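Two complexes follow with chain A in common, the first pairing it with chain B and the second with chain C.
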Partner chain A sequence: MDVRRILGRESGSTLVIVALLMAAVATLSLSFLAVLRSSQQESEGSRENLSALYACEAGLTAAVEQLTRGGTGAIGNKYQPQEYGEQSYYVQATPMSDGRTALVSVGRDDDARMAVEMVVQRRPSGFFRWAAFGDEWVHMDSNSRTDSYESDAGTYLSQQVNGSGSNAHANSEGDVASNGNISMDSNIGVYGDANPGPGGVVTGDLGNISGATTPMPNSVDLPDVIVPSIPNTGNKTVTLNESLSSGSYHFNTLQINNNKTLTVNGPATIVCENMKLKASSNLVVNASSGPVEFFIVNDFVMNSGTTISSTSKSPLDVSFSLLSDNVLDPGVDINFDEDLVDFDSNAVLYGTIFAPSAEVTIDSNFELFGALVARRVDLDSNCRIHYDEVLATVDDGGEATYETLCWRVVTQP
Partner chain B sequence: MRSLHAHRPGPRAGMTLLEMTIAGALALLLASSAILAANGGYGAFRATQSATDVETRLRRTVDRVAGELMTSGVEELQPDPAGEFGTETLLFRRAIGLNGTQIVWGAQDRLALEPAPDDADDGIDNNADGRVDECELVWTRDVGGSDRRSVLCRGVREFLEGETLNAQDDNGNGVTDERGFSVQRSGDVLYVRLTLEEPGETGLILRTLETAVRLRN
Partner chain C sequence: MKLARPLALALLSALPMGAGVGAQQPPAAAPAPVETAAPAVLPPAPPAWTAEERSAIALLRELRKKERLGDEELCARLAVAGERLFPLFSQLLERRAIPPLADATGLAGGEVQVLSEVQEHVILLAIANLEREFVLARLPGAAALTPAEPRQRLAAIGCVGAVGRGNDFPLLFELALAPGESEVARPFASGLRRAAASILRRDERAAEQLVTLRRITPRALLPILVAAVGEARSPRGLAYLSELVAWNDDLVVEVMSQVCQVGRSSDEALNDTMRVRLRPYLDEESPGACRAAVRALTTLGDLDSIGALVTLLGSEDAGLRENALWALRELTGLKLSASQETWARWHQAELAWYLRSKSRDFQHLRSNDLAESASALRELRTHPLARAELRTTLPELLRHRWPAMRAQACSTLAELGASEAVPRLVWSLEDSDKDVARAAHDALRKLTGENLPLDASCWQVATHTQPRGTEL
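Moving on to the complex of A and B:
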């Protein structure tokens, strides 16, 4: 009885020890939890920052997608952001010069916010994006030149303000490119880039290329020439100056005799099995109502001193699509009938030439205002190709694409 | 007749020694248990805290490096960290604006793995902290200009976890003989790797983190 009483009184000290022990364990546990919480908070903050960055990127992607569909690129605003799962974003778009747009995307996740600016520029969507493009190769003889100008900003001569003498040139968008290799003789002049195909090289005189010589990341697929189906009305020989009214024509052979002029009123589509401009003849296109498209099935000959142009001298007014084939493909071509494709010396052409099956040799002193795309391209000495930059902006029906010029983190607007 | 009450001992008489012995033994036992438990708990707590600290510093450093490199461009990296060796010293610029169609680049910065000041790169643990030739990641802003140096992270292992200097990719990550901080480029993607090594309660704490970041410019 007394022992129980005694022990009953001593139980107080055990309780104190147990309480102290529990306090120590509780303190340790709380400290441990505090450390874990701190680490978790930092981890959460880091995750939210990353998540806000992802929201920014999502906003930029959506803005560019909107631009490609003709929109402004602006999405939501500060007070009405676009919800994106547990995050949100809004994008401010500011149009700049030369088709550029500054997009500022602000992303948010909980308390974390981030803003990113991306400047994008619309890529030229026109098919003719080079002064000269050769599917298999491009070769430039000595003293041949490529440069560029803008046909809607005045004449070429008014823009030929750079350099002097044989190096006088206008702008520097006179690119040459190929899905294969590019070779240059001495003293050539490329005022623009010279881009070979993936795995291809540029050889020869590289010192006179003003732009880059890096290979293209991807090959360019050349479409087939689709010749319109128009009844053939036989041969037409222009022996006196005459005109063709707008419409559709199909000639067996269209020939313009020496020193004669054929004026074609657009819009018109003209299919020729063969077409020949004899020396010093002229083909004039009146494109005031629309352009003129030529489709050549076999031979195409521009003799020396000939001229093809529209009255406004815009390369957009005249286009030549050649089905002509002058390249023997062993094992493919049977009973090969080589077509004539001649661009003789001292001739002038304002327009575009597309000849995916032909090797096109531009003779010396030939002057092309526009663009040339062919299976093979050989530019003889002293010939000139002045690429019209307006061609790059022509909507060819494809989806607009944008390239990123600059990406950077900015302070929140 | 003697009263029982008259023979009853005093209130604590004869029991003091027993009480003291039992109470002392119990107190000693409980105190020992408490100290042992507290020590064990505190050790585990410190070990966890150290590991957490290393992991936090590791993540913070890698995130910082990735964030800085993100706004750079392939042509602004010197040396180009493409290839099987990568680099532990990288000069880079960040985009700060646009002039026409040309990016305006900021001052050149450098990320470099350098030997810790108190442990020279000699294969010896000079500072006797259990680590051999540990390094630190130094970020130098405006290289060639103000040259502002700051240590981004200390306790970086000389070589990445699992890697030794033998001209082989020991850890199978695609990089040969990479240092404790390594940047490697594949296309427009940079791989940033970092291994930290810190003395802990139960030995060295070794943690490695790898991230990939796409160059935006």
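Moving on to the complex of A and C:
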């Protein structure tokens, strides 16, 4: 066989094979590059989408901030978006009913665009935002309870439809809070949040709190009690059922004797150096023409079985502001009389209590419909505070907050 | 509050009004328990205090007024008489009342005052100025005290708290829980908590002492000591809390609550141990423990719990959702909305970056190329998961060849709250570039809260920093 001839005949096929191989490798490389490029583009797109989403979130945060300050919530527009680093956003705000606002934030990063809709609701700004607030601390003994109801939506009993037995409650806005710590014995019930101060903690039975236990971002400053200047007319003891017409009064000691009723017609401002409701007595406020404000300088005693309420049973109608300081002066002194702040068992009060200098101990089985703000709050076992949510809607000039009702990614407008 | 009247009545009868305490031995305390004694009121006999005692009593009675001297000034005035007033202080604490000064000193008079918190605080501050040995030697021995002498025990607990050290915990325990007692009465519990917290604040080794004593500490005292550790707010207490989590499961909720007050330890290994021990409690099946764990792990800066927190955002428990959102915002510094989807997306992206790009970015950060290094720093600042590593790496950048990078490192350290970098920043005040020195100065002011001038020696003294070596 002529080897050279054979080799010469096959040399062309090698070239073809090599060429085919090279073509295959080139095709594979191109495919690989295409996949890599596609993956890179996908990754880039995903990164940009995420950045666009962050821009949306920034827009929503800014919009809520603007709403809080009294603005509309709208920021920029499609043609003049708000710059946000290398991204941008704009927010459209649409007012809805019941104080709700729909915010649609559109974020953009290069070609990526994302849109997020969030519905927020204005939260009340009233001073009484908690069932119980203690400037220094709050302590809840076993079986004490806080919950909430709405006084303008019917009686508390008609709203007490959740839970059963000792856990029966109405709504879950019965927050407790403090600038310091909150401690809780076993079997308490907080149908709401328990927010300690910025450096404070909640200790004890945390399992029976329905809401959050996060610390408040800032301490709450309690204003001073400014007692109106009204001439003192001496002592007043209610020995028979009687009425006070609307106006301003200043008593040295206002005492309502056992089983007697004092009716006060509003609007009225009543300053008392000391106030004492003896057992089973009643203080009724007729607030059809206006509320009644009480200012107590020293002792405030509600004996067992007493009731303070307005004819409409609205806590907005009766307010107590206490100057009493029983921490500085726990006993008897010739300079300062003992400041007794005492809410005895089985008594009922519809109203608000503000005692920035006093340690207020609510006795067992006492029932408060309204709110309590004091220097220190000690809730004895089985006492109940039913926070009236209407109090929070009273606009006292405080800064409103907004609650998020829903959040979703939407198609771009 | 309701106890004030009966207590006052009891005290009126118990006070020995016949002679100055300096001239006589204190009489036996009322035998009844602290909260139940209510004997009849006896008319006070004319007092016969020494001049120093009269002056101290008058000063203490003045504390009922809203406008009064500062605590330090009051203590200084009470400390003039030194140890001679200790018997009076001890007696006032036992009786929990300030006696009247019947004659006209012009300062005070009238009736017995129930001891207020302010008065008790000032008395204890005055006792704290005395020698520990002197005070402890004059306390009745714990073994001699029986449950029938609660006032003496309560006063003794206060005194030990005022002057004691870690070594005095056993004495404190015996005073709070006498042999044969199984429960701690409420006044003793609060007395022990205050006293233990006071010792923990005063003595740096006291927390270690508690760890050593853990096995022999009566079970009934442990929750009170946990509260005391929290009240002392010293990160040294974390070791004790960690021990308790390991050995006392039933105290875990109390311990987790107090972690927030104690804060992170300077020992990172201890922080890690605590994080690992607490992480399993991020379980919505136990909402109480879960709430406490969320706060504790946030305080400990546990980034490894982010996944579990994102899961909690989908919990049916609204409170847990709110706690989890708060924790995520605290841990990451991001203000994303409450949507679980948003946080999950972010977390996924963050983890992807952590695995794929973190090392490269840190490598670029150390680069000598200004643009590359600055770009890496910009990128790293946006990643919460890299924050801890960034804090430890940034001090190296204070020696970067480019001043702009050194200045950036200063401001980023301040932004991250890296107080451990204070000495290095103090050295940077002497940087040859004025902008770097200014940035270091701003960072120091932010980190320390001090408002000192841009002068390295000033800051060295204020922050106890050694003078700059040659290595920077």
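Structure notes:
Operating definition for what follows: the second predicted complex is superposed on the first by the 272 of 413 C-alpha atoms of A that agree within 3 Å, B and C clash if a C-alpha of one lies under 4 Å from a C-alpha of the other, contacts with A are read in each partner's own complex, and residues count from 1 in each chain.
Rule of thumb we're sticking to: a residue touches a chain if its C-beta (ideal position, glycine included) is under 8 Å from a C-beta of that chain, and two chains touch if they have at least 3 such contacts.
Everything numeric here is computed off the predicted structure, so don't read it as measured data.
Which of chain B and chain C touches more residues of chain A is settled by the count: it is C. Once the two complexes are overlaid on the shared chain, A:361 sits against chain C while remaining clear of chain B. Using the contact criterion defined above for the overlaid structures, shared-chain residue A:405 touches chain B, although it does not reach chain C. In the superposition on chain A, A:210 makes contact with chain C only, not with chain B. By the touch criterion defined above, A:24 lies against chain B but remains apart from chain C after alignment on the C-alpha atoms of chain A. Of the two partner chains, neither chain B nor chain C is touched by A:173.
When the two complexes are overlaid on their common chain A, residue A:119 makes contact with chain B while staying clear of chain C. Once the two complexes are overlaid on the shared chain, A:327 sits against chain C while remaining clear of chain B.
Of the two partner chains, chain C is the only one that A:61 touches; chain B does not reach it. By the touch criterion defined above, A:202 reaches chain C but does not reach chain B. When the two complexes are superposed on chain A, the residues of chain A that touch both chain B and chain C are 50, 118, 404, 407, 409. Every residue of chain B that touches chain A in the complex is listed here, in rising order: 12, 15, 19, 22-23, 26-27, 30-31, 33-34, 37-38, 41-42, 45, 48-49, 52, 55-56, 59-60, 63, 67, 70-71, 94-98, 101, 103, 216-217.
Residue ranges of chain C in contact with chain A, taken from their complex: 1-2, 4-5, 8, 61, 63-66, 97, 108-118, 227, 230, 253-254, 257-258, 260-261, 286-289, 291-292, 295, 318-320, 322-323, 326, 335-339, 341-342, 345-346, 349.
Note for the complex: chain A touches chain C at residues 47, 50, 53-54, 57, 60-61, 118, 172, 193, 199-215, 325-336, 338, 340-342, 359-361, 363, 378, 404, 407, 409.
Here chain A touches chain B in the complex through residues 2-3, 6, 10, 13-14, 17-18, 20-21, 24-25, 28, 31-32, 35-36, 39, 42-43, 46, 49-50, 98, 100, 118-119, 121, 404-409, going by the rule given at the top.
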